[in-house]
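What follows is subunit A paired twice: with subunit B in the first complex and subunit C in the second.
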Partner chain A sequence: MKRSGMFWIFITPVLLWLVLLIFLPHLDLLLLSFRGDASWTLDNYRNFFTEPIYWLTFVRTALYSIITTLLTLILALPVALYVTKIAKPGLRGFLMVLLMLPFWVSELVRIYGWMILLRESGVLNYFLQSLGLTNQPVEMLYNDATMIMGLVYTSMLFMVIPLVSVMDSLDNSLIEAACDLGASKICIWRTIIIPHCKPGIVSGSIVVFMLVLGNYLTPNLMGGKNSLWFTEQIYNQFIASFNWNQGAAFGFLLLVLSSAIIWLGLKLTGQRLGELSS
Partner chain B sequence: MIRSLPRSRAYDRSFTLFMVLYFLFLFAPLLVTCVLAFNNSDFPSLPWHGFTLDWFFSEGPKRVGIFADGENLRAIRTSFQTAVCVSILCVIVGVCAAFLFEQENFWGKELLYFLMLAPLVIPGVILGISLLLGANSIGVFFEDEFGLDLEIFRPSFWLVVFGQFSFITTFVTLVISARLRKFDRSLEEAALNLGAGPFEVIVHVTLPYLRSSIIAAGAVSFLMSFENFNTTLFLVGARPTLPINLYLQVRDGSTPVINAISLLLIVGTFLLALVNFFYNHNKNQMV
Partner chain C sequence: MEADLIVTCLNKEFGSFRAVEEVSFSVAKGEFFSILGPSGCGKTTLLRMIAGFEEPSSGDLLIGGRSMRGITPDKRPVNLVFQHLALFPMMNVAENIAFGLKRRRVAAAEIRRRTDEVLERVELPGFGDKRIHQLSGGQKQRVAIARCLVLDPSVLLLDEPLGALDLKLRQQMKVELKKLQAKVGTTFIYITHDQSEALVMSDRVAVMNRGRFEQIGSPQQLYNDPTTPFVAGFVGDSNLWTGVVVEKDGEAVKVLTDEGFVFHCRQRGGSGRSRVTLFLRPEAMIIEPIDRAGLNIFQVTVKSILFDGANSRLLTATAAGHELLVALPQNRAFDHIAPATEITLGWHPKTGIAFELLDQP
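== the complex of A and B ==
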């Protein structure tokens, strides 16, 4: 169809959406991050680098996000292998539904479930005590390990789905041949499965990393008072301190970090942003 | 190693065990939440004191079940209204965007497409604060220039709707675009040759073809909106949505009412997800 009368009907709402709700607000975020009380200033960024609590939280959030992404990958690989290569083909649809179901439920409900399982008066502690394994209840919430487990849990699906779709296209005969020629399991993983799955690993890792970096609920509810997640710093600047310019600077820094990592991941593997979504 | 190769029994068993544990990991928190909604106790914890439906139907004064809990019911209603508005808006604009990017060529298309994908990589928290700042700037401008104090530019119901709309539309656009790409354009040409106008072609030929993807995208955007927390957190006004309201309750200590609400949410989303899944499965296309 040539550029018809419909063109303007299509482009008007799209332009309104992208300019008014995406472009301008983020431009505003950038501009406000350079504003002080009355004038333009770099103070908001200077504060970030001079106050150790700010940049340490930033680094900590980035590092923990990377660790979480790696753990998610390690856990998701065998799951994807099982669904695509080991389970009976008839079971596949059922397993996929089972894998996806929990992720349709609100993140808050899932985190709440972990809280009543793990806390001091929680279900797990009840069982441990009635089995006589501990005398006193153990507080399993509010530490970094639990927080990371929660983050792995909430973002698992976004790693599993791309891995399942790339492993599907891996030809079984390659693995069979390697096995016939005497390759060990580690060797097969290293030289056949991982290289073949690279596109799925990259897109899954990027999505998981971004979701973990921008997560607020899980660190806040499972990491407790000391979770020190960067999104919490942003929230505090906005809602508690009402220092919007400082918050804007933090927000922009987080946006730069996530964009940089995504760009790097895409560059390293020669993928395009559009492919992430499919 | 894989099913076509001979494997040791130990390997098979340990892999199956791993998968059982993995599914336990996935479902344990949901299962515990659901079971404890029926425990006859004032706290969502064991030991088991017997079965009760108090946390659903009790009207107080000691225990207030969800169906008598005005605040939570209001939050559920707000979430419903938000999700309905968001999914209608998203589907309309998403269809326009799909047509625009799949069927039209224009200057700056690449740039606009990139901007359309941007919400995929912008953390929800950042989207929330940007919109809060942007709306506030416009609000201040209107107040200074025209002396108007407009509700819509302050954290409110409509700001939440626009905030969720701004990123969910990207997903809707991608789902509908994927379907539109498989469309045979000669059908449109045939309709045009037979004298239909471009608008009639879309209404009678292309949109019926897109129907299944529009329904699926609408269902997904309803769910995404209903459950959104990160973006909503910064835009919410006097009428909190359900996830925000639950968060405030969970943070300040919990009662089994939260389990009851969670149970309803879990059952509701499972049903919607299953219907959506099998609807698409029968059509032989995954969304």
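== the complex of A and C ==
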């Protein structure tokens, strides 16, 4: 009796949170996505498939999110290895602070920082011109490469942190043993470090993938008009076109997409979601 | 005899700290060579230099006649069994053993054959599919050794691999390891702080202290003829007296101990008539000797009996209160000894060794 009382005290806020803030709004959006002007309809979903701009943006967003996640992973692995295994213990805390420092500033400010560096009249162009490398300013903003760089930069920390914690638990002597048995550096990465870090890689990748897929600010500011992101389509439907029904349908398509890709990723790497927390 | 490993004047400095100092030795093919020393004496650093994980500050080491300076661990013909074994938990037993062979691009069929063969040799046939966490401590031990042996190293290095095992298993593994080495004939270099491991298994032992080799010799030599006071004190138990040399005739000396006994014994080095420490093994003392000719004889009082089966001791004290440990053979001849009885002890001059006291307290 007493124990079940305690149970309800702790579970109630969680249930309230889930039901009021997540379940009910989504239910409402789901209903909205099937509403037309007056009646139930599948038109909102049909529009998505008949209008190429919609599903092309959708595919583009998915592909770029996957590329960004992979790039972030490739960059974060050596960073995590350096922080955990190579840097001296005293330096380690300092490096972690350096990693987190940019995240004390809001994402908006960080992105504007990049824009100051990269724009036509920006810092980088000023140096290029004064060194005589170019005669006229180069437009470095508003293309896909810059956008992906910005997304990688924004996501880096969320990949490095889980990787640092799994790499910490890797016994140094395993790396030495592999080396002793004749393994090259690449082989040690492939056979020892990456298999050991798999849980961290998977959870970091899920977080980064979700953040990138759902990011609005970075693609909008750094990608410019040519770099369409699916979140912008949703935003446009809700705010610009005031078509809530269409926006809700897009929102659900994005939810289905992210779930499907994560499910596929887990299947391919042979991991299960429940194992990641342990 | 062909030497597999020759180490000459090896030094290793970490900043101003000299971890290994002027170490030279050679190990013959097929020898079981141990390096024995207290923790922090530099033995692990020495081993890591042989394996290639540390670069020596100066000196050279040759394996099979080839200098190993500047050669990375993966290119050296030696393999290391790590202190905590470092088996790869993400692989099963067979994959662990095949790891090194795969790196050498051995054909798959050949890998399977050699893996099975080495598992047979370490008496774990059919264990290939087991996961590492399914093995017992002793089995892990043998897998770690098999993982190295399958590569046919010219020298196998072992870094206190029995340290993590419980006492009973350690006793058993000591014998097994010795048998295994005799069977495979690979040169073993074994480091340990446990003197019994070193004495039981090795052909030769080097005693290391503060980065230097104190003595290299067979286990018997180290035990019976230590050349430095450190070796005399570190290998086996000893009773100590301090005193002065009153007469000297070559090695044979007469020592007057501080409490007034006059003992005949041997001296190592020294110039006579100097302060010495006299080391005497507990089992060198004979209780109630019948034939007393040529023995050092004195009286002690039994304080207590430290019964430990075959390793039983008497804790005794001289009239001046100096405590001595005396081996108590369990052959029923001394059952009458009880605490507070007075007994006569005798020991042969050959068994006591005096060393000049270098650092006066």
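Here is the rule we go by: the second predicted complex is superposed on the first by the 245 of 278 C-alpha atoms of A that agree within 3 Å, B and C clash if a C-alpha of one lies under 4 Å from a C-alpha of the other, contacts with A are read in each partner's own complex, and residues count from 1 in each chain.
Here is the rule we go by: a contact is a pair of C-beta atoms (placed from the backbone, for glycine too) under 8 Å apart; a residue touches a chain by one contact, two chains touch by 3 or more.
Values in this document were obtained by computation on a predicted structure and should not be read as measured data.
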Go through the superposed model and pick first if A:E176 touches only subunit B, second if only subunit C, both, or neither.
both
Look at the residues of subunit A and decide whether subunit B or subunit C touches more of them.
B
Touching A:P199, do we find subunit B (first), subunit C (second), both, or neither?
neither
Applying the document's definition of touch, where does A:P137 land relative to subunit B and subunit C: first, second, both, or neither?
neither
Where does A:C187 make contact in the superposed view: on subunit B (first), on subunit C (second), on both, or on neither?
second
Could you say whether A:G224 touches subunit B, subunit C, both of them, or neither, answering first, second, both or neither?
neither
Counting only touches as set out at the top, which of subunit B and subunit C does A:F238 meet: first, second, both, neither?
first
Is A:G93 touching anything from subunit B or subunit C once the two structures are fitted on A? First, second, both or neither.
first
Overlap of subunit B and subunit C contacts on subunit A, residues 176, 179
Can you list the residues on subunit C that touch subunit A in the complex?
51-53, 72-75, 79-80, 82-84, 86, 88, 90, 99-100, 103-104, 147-148, 151
Spell out the residues on subunit A that touch subunit C in their complex, using ranges where they run on.
171, 173-174, 176-184, 187, 191-192, 195-196
State the interface residues of subunit A toward subunit B in the complex, per the touch definition above.
1, 3-7, 9-15, 17-18, 21-26, 28-29, 32, 75, 78-79, 81-82, 85-88, 93, 97-102, 104-117, 121-123, 126-127, 153, 156, 172, 175-176, 179, 185, 188, 206, 210-211, 213-217, 220-221, 231, 234-235, 238-239, 244, 247-248, 251, 254-255, 258-259, 262, 273-274, 276-278
Which of the residues in subunit B come into contact with subunit A in the complex?
1-5, 15, 18-19, 22-23, 25-33, 36, 43-47, 92-93, 96-97, 99-100, 103-106, 112-127, 129-137, 162, 165-166, 169, 171, 174, 178, 185, 188, 198-199, 202, 223, 226-227, 229-230, 233-234, 243, 246-247, 250-251, 254, 258-259, 262, 265-266, 269-270, 272-274, 277, 281
